[in-house]
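Can you keep this structure in mind? I'll have questions shortly.
Letters A, B, C, D, E, F, G and H mark the chains in the order given here, with residues in each chain numbered from 1 onward.
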Amino acid sequence: MEAQQLVLLAGRLAAAEISAEEFLTQAAKLTDQSEIATVDLDRAERCGFPEVIFGTGKSAETVIEIAGRLLAHDQHVLATRIEAEKAKQVLERLSDARYNPVARTIRIDANPRGPEVGHVAVITAGTSDLPVAEEARETLAWMGVRATMVHDVGVAGPHRLPERLAEFRDTDAIVVVAGMEGALPSVVGGYVPCPVFAVPTSVGYGANLGGLSALLAMLNSCASNVAVVNIDAGFKAGYLAGLVATRRGTV
Amino acid sequence: MEAQQLVLLAGRLAAAEISAEEFLTQAAKLTDQSEIATVDLDRAERCGFPEVIFGTGKSAETVIEIAGRLLAHDQHVLATRIEAEKAKQVLERLSDARYNPVARTIRIDANPRGPEVGHVAVITAGTSDLPVAEEARETLAWMGVRATMVHDVGVAGPHRLPERLAEFRDTDAIVVVAGMEGALPSVVGGYVPCPVFAVPTSVGYGANLGGLSALLAMLNSCASNVAVVNIDAGFKAGYLAGLVATRRGTV
Amino acid sequence: MEAQQLVLLAGRLAAAEISAEEFLTQAAKLTDQSEIATVDLDRAERCGFPEVIFGTGKSAETVIEIAGRLLAHDQHVLATRIEAEKAKQVLERLSDARYNPVARTIRIDANPRGPEVGHVAVITAGTSDLPVAEEARETLAWMGVRATMVHDVGVAGPHRLPERLAEFRDTDAIVVVAGMEGALPSVVGGYVPCPVFAVPTSVGYGANLGGLSALLAMLNSCASNVAVVNIDAGFKAGYLAGLVATRRGTV
Amino acid sequence: MEAQQLVLLAGRLAAAEISAEEFLTQAAKLTDQSEIATVDLDRAERCGFPEVIFGTGKSAETVIEIAGRLLAHDQHVLATRIEAEKAKQVLERLSDARYNPVARTIRIDANPRGPEVGHVAVITAGTSDLPVAEEARETLAWMGVRATMVHDVGVAGPHRLPERLAEFRDTDAIVVVAGMEGALPSVVGGYVPCPVFAVPTSVGYGANLGGLSALLAMLNSCASNVAVVNIDAGFKAGYLAGLVATRRGTV
Amino acid sequence: MEAQQLVLLAGRLAAAEISAEEFLTQAAKLTDQSEIATVDLDRAERCGFPEVIFGTGKSAETVIEIAGRLLAHDQHVLATRIEAEKAKQVLERLSDARYNPVARTIRIDANPRGPEVGHVAVITAGTSDLPVAEEARETLAWMGVRATMVHDVGVAGPHRLPERLAEFRDTDAIVVVAGMEGALPSVVGGYVPCPVFAVPTSVGYGANLGGLSALLAMLNSCASNVAVVNIDAGFKAGYLAGLVATRRGTV
Amino acid sequence: MEAQQLVLLAGRLAAAEISAEEFLTQAAKLTDQSEIATVDLDRAERCGFPEVIFGTGKSAETVIEIAGRLLAHDQHVLATRIEAEKAKQVLERLSDARYNPVARTIRIDANPRGPEVGHVAVITAGTSDLPVAEEARETLAWMGVRATMVHDVGVAGPHRLPERLAEFRDTDAIVVVAGMEGALPSVVGGYVPCPVFAVPTSVGYGANLGGLSALLAMLNSCASNVAVVNIDAGFKAGYLAGLVATRRGTV
Amino acid sequence: MEAQQLVLLAGRLAAAEISAEEFLTQAAKLTDQSEIATVDLDRAERCGFPEVIFGTGKSAETVIEIAGRLLAHDQHVLATRIEAEKAKQVLERLSDARYNPVARTIRIDANPRGPEVGHVAVITAGTSDLPVAEEARETLAWMGVRATMVHDVGVAGPHRLPERLAEFRDTDAIVVVAGMEGALPSVVGGYVPCPVFAVPTSVGYGANLGGLSALLAMLNSCASNVAVVNIDAGFKAGYLAGLVATRRGTV
Amino acid sequence: MEAQQLVLLAGRLAAAEISAEEFLTQAAKLTDQSEIATVDLDRAERCGFPEVIFGTGKSAETVIEIAGRLLAHDQHVLATRIEAEKAKQVLERLSDARYNPVARTIRIDANPRGPEVGHVAVITAGTSDLPVAEEARETLAWMGVRATMVHDVGVAGPHRLPERLAEFRDTDAIVVVAGMEGALPSVVGGYVPCPVFAVPTSVGYGANLGGLSALLAMLNSCASNVAVVNIDAGFKAGYLAGLVATRRGTV
């Protein structure tokens, strides 16, 4: 960080030559230099998939730069938690980028992809869980895994469930996204032979404690095949399911 | 979801043909397709009353569509947690809808109703608990149950209470709505022979922990006839009281 | 409390005339005088059922005395949370008392009972939830309500559930007892038209937080007809279900 | 601490000359030397009342020594949280000591007392709250304040309350001791013009969270004249009430 | 509530005759009818001081009406938690009202007051605790009690403290307002013979948990004369201190 | 439950014909009848592996009976959370049972097994995490999966880690067991391309909150391939890893 | 505070002579008088460094005044938590002030400084931790200590770490700033011989609980040389590291 | 672990050839093989001091073996959390070992030590904090640092403090050990220029939450020079203070 430049900038702010907003924008640029964010380019080698860009707190500039470096190394790009306004700036610069405004993700393929492999189901308890489910779906798409979405399968409407689960007995893994009481993963887990990755969401009110109630319920699931990720962590659940799917059949 | 269409939309955003706001509105429409929300039409058969529309996170479009389907099956409509702006859009399309801005509910009768049955009292500890109490009252109206409201009965003004409770010895159930220390259900429960459904509210400050303190107090009530629902869950308490009232005398 | 007597007693302890244990026993008797516990004899009139004896922290003497007073007024006796050793002392003195060692309850009928009324189902998620369910069952027996027990209905073995729930569509109320993720009440609630009283239990380990996780899940239930009581509060859930059952058909 | 002596002692333990128990007893004596606990003898001057001995973690030896120093300065002694076995040892050495086994307190008067001053009521919600109430009563006796005890005044038996509170309109302060939902202080507070010191107790189960639920309820009391102390802190509530009582009329 | 009128109003909203904002304002008026808030006029008789208006969630209209009724019965008015905009509306209608924008309180004297009685000190740990301290001060003024303010007495600058506390050895009670680690009441309590009413504030960041850390510290104070009230409850601490001050010398 | 028999039994207790202990033992037998625990025999068909016996709260009798039924259907037996004393009783009756006293598990093979499949690594942070790791290992053995144990790999001794992780790049999944700060799964996750199932343990003291601190850390892991299970849930992590291992190569 | 003036001001507001905003500004000035904030000028003498201005809740006026007094006594100024808009006002008046908009700090040197002493490394886990790290760096600069920044050293990219830590074996202390799982201090602590001051940040989402998860992890660190400060407390960690650095070599 | 041997052992248990206790002892030996615990022998090189043995969950055998290996490499031994019975076994085998039963530590010097260096003060708030303070003192002795103990310095007896702190202005660091409200580190921090390492203890009751209240207070300390370690972590605070002391003067 160039302290010198910041001092100059602060002087211009003091002299009313620039507005407070301009000041902050300029200062952010000065301090958001590319060497601050290190791109882990051998991650694809080490872990099977490239680094993913977690958008929170990163400027459009930074997202574009990291994406550029990944593409330069022939690595597919996935950026999560990108708000619409920031996405717009990225799309203006990277013409191949595709934005999913529900998932708040950007994907850019480094090169043409082959056919999808494996099969993961993503199941939501209610329509409000959709953004998290979409983030999981985009993650699977980025990994090249086929995903099937099943929406609005509340445990309190249980007659809907068995008819749908029959289709998913052969999926590689299932992502279950649920808020409120977080009971859906337990019910799904009891019907299927594959790993279930449960994502608690902050959907609900009052004693849902911002998703903690659903999280705790999922951790206490009486179904043996349920693993849990952080609240609203659609990416992580999708990634884990995708790992299982892409590695199955690769022994 | 039509990924194709979203890509096109994102392109128009990038080309500045549409604003970010328009973009989000359009995208939401694309992804909020009716098949995402499944209407549980045989719920009335299975559970005695139709599905209720929980408004949080649903667009006016979705509310209107679900309401339409319910009405088409001769089922009375109740929608909760509908903000005024969204309500206005619904009312423009569904002329029989009645909005209660305090309760934030919409009701639409599918056909003329007979006389009300049963009797439930809804009691609040303070004037700030009114919105939750009104949600309970609207729920009871939707179920066809007679409701009597009693407001501002603080436990620290206890001389007011016995005179009022005498009237309610024969009600089918009582809904008690209270924030702060959540003591009112215990006091009411000690005077009456019917079930008391206690609703903690987020009213208060500091160590009220957003309603958790009242919730915990109610769960620890020394009165045997007090059951508890989620914080601010006026609908649920009204529904439970209504179930008791409508089923009484139906053996 | 007779301070004078306590001082004498302490003197004897100091003089080694009595052991520390004897001392405590005597002191407890001195301070556990009958006027300390007030029996609420008009509770049956006011609330429909007599006072129940909560055994925790009460000596066998106190339990016997309160039971005696209730029987003297022709009121059926129910005492909860009575450990086996204390129960033995009570049974030696009150020959009609019946002890349920799983529920840890004592019941004594004041006079011959008529036939049972109503019908309540008590459903447990696992065998470890049995003590709490038995406490609910004993409470219903004391109220004169017919109870049917269904055990070990885990949500992760969901194929078992629908076949059983069909039988309970006409019960007056259902008590669901569950620990771990506390999902069973939500699933049951979606199949039946009556109120469901959910009892979280402390069954589980780790992040079950002594039953708090199940409690939170139940409070956030997406089923509208689920009310919640305190952790392990089998008595309270039984009492509420019994109230609904005994009052149904009494309008 | 004499490290030298501890080393010797450990040597004897290693040589099996003494048992592990003897070892610990000896070691404790070595490290529990009187200079470790400093007696605040001018506290009576500064704060109006002498230092009180908090018994937890102190040996009988230490209690006896501090008591001796206080008595040597003509200061009345109060020791709290003294278990029966430890009390016995103290009473063997200090013949004027009086032990209250319910309150678990020891009191020794340094010199003859004059008549009691002021008037404080100590009210409990249930019989299990008795030990905490007794600790408050002993504290008031040590301060020379008249105390009246009222037991088992549950908020769910509210008809009992007003008849009793009428007697206490002129008390200097009221101590209210309650577990479970902790609602009693709010109800009492609404009837009286004096300060109410509320003591939450750990009485209850499940979601009482060891007394936290009652504590939170009391902090959120809608009665303006309710102040709160720590869970089970009978001494502190008694002390505060006693301060108000002894200072009243002393301007 | 006039459901009829609300329906009409909703119709006008639907017809775009009124804006959503107007709609809400009108609806609020309809539902905020004076009979909803019951004024406890005999509270002054029962508890020594009149009812206080807790402003949160009350409209200016309601504040004005309750104030009017109190004044009509010759009772001094205190309203707390009144934001500046609402205060302006009240002051336009009630010319004798005095607003303290830091404390966010309004006071109106019903008739000329005599000289102040008693003496209470209000001490703050930092300048950010000022609003809470001012609320306590206004409460004391409304009760007719003399108050002395001492500001910015951090425990980490402890040399400042003793010199100030010497002045307060004869006060009737002390209110201590502190956020962050909440240590000040313990330190003050060790120097003075009167009751200390501790108010935790939400001042701080991170692990201050919105004031819970300070609250817990104060409840665990090793000083015997410290009682605690809710987070930011300046009114309650002032009221309790005022009760002690006004009743001292009145035996 | 045979209420009749319990009454008789209680009578014998009252008559001092049996001791309280005998009474409880007999009563437990009466109430622990085999129909209470339902064995889910088609679970192997539905979920790939048979039901596992969770030993907590089950008598040796019950464990033996369920094991018998599973063996009669040619299903391998795994029982977890079996204390040594109970294990002894089971081993006396089922001669093929093998008990692991560290893992507290019993395994019985229904028939000869083929060679192990797949490969899972189980890594512990410290020696105190061993029991949980052993439970995972026994689970993998029961599933027929090869397991490699790596012990005592603290993150504060990080030079040990990379040398070991190189061996595990081709494992199907890794189970990481860690208490205290729960950092090990994040570090491991960054080196390997397979799913990591993290098990927080209750190892530690003070602010470890019985394992909650490690649990929270693992949920917040910055490594994308880390999924989490309940505190001390060695079985669940082993089961999930085993599912991934046995299904890999089975497409 | 001049109550008189506030009353006048409120009158002007009531008379609509001033706007509500003006009213608040004026009122704030009246109550923010300089005697409220006491400057601890002998702190430099007592503690080695002057008082630091904690900006939250202080007006620009107050910051300028305290800064002025410090400078008048030849003490270097550091102000933290200063938002850009407030900083602008300060810089207009104090021309030597330097603002760091990322750290949100202002520094003013009272007189020319000599060369920097000691050496502290400040390490961040991710780019979002930068503001907290910058606050630590500014604090070190104010103390005259040399600081080296190392950014974006995630534990999940562990191959980056050892190469960097080798440089820091001789630093006097290390500040580690990390959110999410808070694992970095443990890993760093295992490589270095100096004290590590760990700062948890609120970076993350869901179960990060606003930084509590990272805080708990750091407190449970298995590395012996890790001490912890409050969430986001960059100043405090910088100050502690600076104390160690400036005092080293001064015996 | 030798599964073979465990199976044999279980067979002997089943055959009643060995008792359950013998079985567990033998099994523990089999699984507690020395290769499970890895001794980090180059830690002294890397971090300045050797590995410390954390006794919890380690058998006397394991402690003796690790100690032996450290001594063989000329490294001083410190073992913490060693109960008396286990200590006795260690002392029987390692004749130079010194056990401190209050601190529950064992120390063994590998070779004669030179004079102590540096100076650290260890201050406790009450006598119950002594065990934690002793653990810190033993740690400092093991590091070769001079320690001065100051006991029973409660913040509510503040007149005692300044006279003592004057002596410690030149110490290298101060360890402050306090339970209850945890205020002492803030008060001490305001008087001294060196780093203060604060150790919260679990001393207290009720809302002390097992030490969490003191921990939170210390984290929110308004004194800039206070760093915090885990609850009851006397070793860690001693180690950090010792690091500062031994490195001071070594630049």
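A few comments on the model shown:
Here is the rule we go by: contacts are C-beta pairs under 8 Å (C-beta built on N, C-alpha and C of every residue); 3 or more make two chains touch, one makes a residue touch a chain.
What you see is a predicted model; the values in this text were computed from it and never measured.
Common neighbours of chain B and chain H under the contact rule above are D, E. Listed candidates were F-G, C-D or G-H; the one reproducing the D-E interface, defined as more than half of contact pairs identical by residue number, is G-H. Put simply, chain C has to spin 180° for its C-alpha atoms to lie on chain H, with the angle rounded to a multiple of 5. For chain C, the chain with the farthest CA centroid is G. Of all residue numbers used where chain F meets chain G, over half belong to both copies. The two sides are thus made of the same residues.
Spacing of chain B relative to chain F, judged by their CA centroids, is 43 angstrom. Between the Cα centres of chain A and chain G there is a gap of 33 Å. Residues of chain H found to touch two or more other chains are 46, 157, 159, 190-191, 206-208, 212, 215, 219-220, 224, 230. Chain pairs recorded as touching, per the definition above, are A-B, A-C, A-F, A-G, B-C, B-D, B-E, C-D, C-F, D-E, D-H, E-G, E-H, F-G, F-H, G-H.
Those residues of chain B that touch chain A in the complex are listed here as 1, 3, 6-7, 9-11, 13-14, 20, 23-24, 27-28, 31-32, 35-38, 40, 42-43, 46, 56-58, 62, 200, 202, 210-212, 215, 230-233. Contact residues of chain E toward chain H in the complex are 125-126, 154-159, 161-162, 180-183, 186-187, 189-191, 204, 206-209, 212-214, 216-224. Across the complex, chain E meets chain G through its residues 84-85, 87-88, 91-92, 95, 97-102, 127-128, 130, 134, 149, 151-152, 157, 159-160, 203, 205-208. By the touch criterion given at the top, residues 46-49, 52, 118, 172, 190-195, 197, 215, 219-220, 224-230, 235-236, 239-240, 243-244, 247-251 of chain H touch chain G in their complex.
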